[in-house]
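For clarity, chains are labelled A, B, C and D in written order, and residue numbers in each chain start from 1.
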Amino acid sequence: MHVSYVEAQRAVAAALKKSEEIGARSCIAVVDSGATLKAFARMDDAWVGSIDIAIRKAKTACFFGMPTGEIGKMSQPGGSLYGIEVSNEGLITFPGGLPIVNADGVLIGAIGASGSTVENDHKVAMAGCEVIGVSDLPEHPWRT
Amino acid sequence: MHVSYVEAQRAVAAALKKSEEIGARSCIAVVDSGATLKAFARMDDAWVGSIDIAIRKAKTACFFGMPTGEIGKMSQPGGSLYGIEVSNEGLITFPGGLPIVNADGVLIGAIGASGSTVENDHKVAMAGCEVIGVSDLPEHPWRT
Amino acid sequence: MHVSYVEAQRAVAAALKKSEEIGARSCIAVVDSGATLKAFARMDDAWVGSIDIAIRKAKTACFFGMPTGEIGKMSQPGGSLYGIEVSNEGLITFPGGLPIVNADGVLIGAIGASGSTVENDHKVAMAGCEVIGVSDLPEHPWRT
Amino acid sequence: MHVSYVEAQRAVAAALKKSEEIGARSCIAVVDSGATLKAFARMDDAWVGSIDIAIRKAKTACFFGMPTGEIGKMSQPGGSLYGIEVSNEGLITFPGGLPIVNADGVLIGAIGASGSTVENDHKVAMAGCEVIGVSDLPEHPWRT
């Protein structure tokens, strides 16, 4: 099941509002439950390098149904997923990507934010997620 | 000189409105004058394969400052630019991508639409372009 | 045997001078006999899409020791090399790329120009080639 | 706002001069504020593998408006940006890439050097930067 275009736009708008509030310059990407791009926005003067990172954060969060930062905890040297970032044509494994789950507990997509500290990126992504769902998936197996 | 975030969003909104009017399901991409993504939207039920095509149409139109369909006329078998589509990691050379030129005659970006016939894609892209500029570049050398 | 840095810079300067004379806005690339980049210059307001094309023209001319336009004659539908442009991560098979041969008849590199008509691109590349060598290879097998 | 062709050539020339002074064999790349290639030079006997690294260093510095080595401090195991190098088709996160900022505090491009120790690469890049601007960006948000 996929995030609708209207929902995706609402999420982007809320994320952009949060970014402005905290004085960041963000790129925001929303993907559907197939991890394909649904909506994207780049604020003026945001880093050009953040375009790709925002999109990959959203894809990464959708690919595995978890916040990107959680994957990063397991991908450190010695960790169980060490090196996973080279898969899927490039994952981003630091915070700023979040799955989006609807009221029925179904994964409908994900959101990624890039352009500031990872703490701020996480806040921006969460602001976008919260207007259309929650970020926590129910117990595995989750549904799409 | 770059299309602003506000301009890019206005262009996407106008293109989506046109797409709805003609009953299409479109992906719309706007890039800045450096051919990097500024805004993107995918309507519900649009082809997933159109995501990449819309973005490449916008990039192609920006790369060469001309409508994508114009390049296509020159890239046919026997034409002067036959085979050009393999450059730049993949150009799209059929209609649906247009440069965006501001009131000073400066290229500020480009827009690409994909999801319907190429005639419709062209109309959708043009609807987006027209609310923030024109599509015709002044005589070469044009400015960015 | 490779084009030297001094030779490559002389070729680029001569090509740029020719481009200015004919009112073009060119990208110029010189590769050595291993088809790796030696020098590159992009004039102000040259098409962004021409960066990649100029480099690929130079590489293509070096890969096969012949002008890019000669390959294009054989890569048309029905031709003996139809479709060759997808090899080597993307060849450019229209005019504007030329091999550079020194006084001993040895291929020392190649030059590519992009940014105008293919006729002009060819002239610009030839102007660069001529200050450091000739473009015609001796009978095969040629030497590098 | 973009580095001009004349500025880019001056930066390359100054970087090459520095490289010769310290006995290095460098590749030098200058990109504009959109991170697209503006000028490139490879000295005789420089590593072929340094072509790509010099270009990626320049792109990386432009993508994020900071020296490549600064990103590398944050991308170490356990760091906030661990794994970032797989984004944007490959970032280089060790020293040798620097943003170029003009007198108005605007990012106009970046320069990358590769071919020696990272300390030397940094010196070579800095020598190129200094003849056309400074490397330190003003407080965020910076402008392009």
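Couple of notes before you dig in:
The definition used in the following text is that contacts are C-beta pairs under 8 Å (C-beta built on N, C-alpha and C of every residue); 3 or more make two chains touch, one makes a residue touch a chain.
Labels paired with UniProt names: A, B, C, D = PduO protein.
Just so we're clear, the structure is a prediction, and the values are computed from it rather than from any experiment.
After Cα superposition, the angle needed to carry chain B onto chain D is 180 degrees, rounded to a multiple of 5. Here chain A and chain D face each other with different sets of residues for the most part; under half of the interface numbers are shared between them. The centroid of the Cα atoms in chain B and the matching centroid in chain D are 31 Å apart. Chain centres here are Cα averages; for chain A and chain C they lie 44 Å apart. A straight line joining the Cα centres of chain B and chain C is 30 Å long. For chain A, the set of residues that touch two or more other chains comprises 48.
The touch graph of the protein chains shown belongs to none of the named shapes.
Pairwise chain contacts present here: A-B, A-D, B-C, B-D, C-D [touch as defined]. Interface residues of chain B, counted against chain C in their complex, comprise 34-35, 60, 62-65, 77-78, 80-84, 86-89, 91, 140-144.
Remark: chain D residues 2, 32-36, 144 touch chain B in the complex. In the complex of the two chains, the chain A residues touching chain B come out as 2, 4-5, 8-9, 34, 36-44, 48, 51.
Within the complex formed with chain B, the chain C residues making contact are 23, 25, 45, 47-50, 52-53, 56, 72, 75-77, 85-86, 90-94, 117-118.
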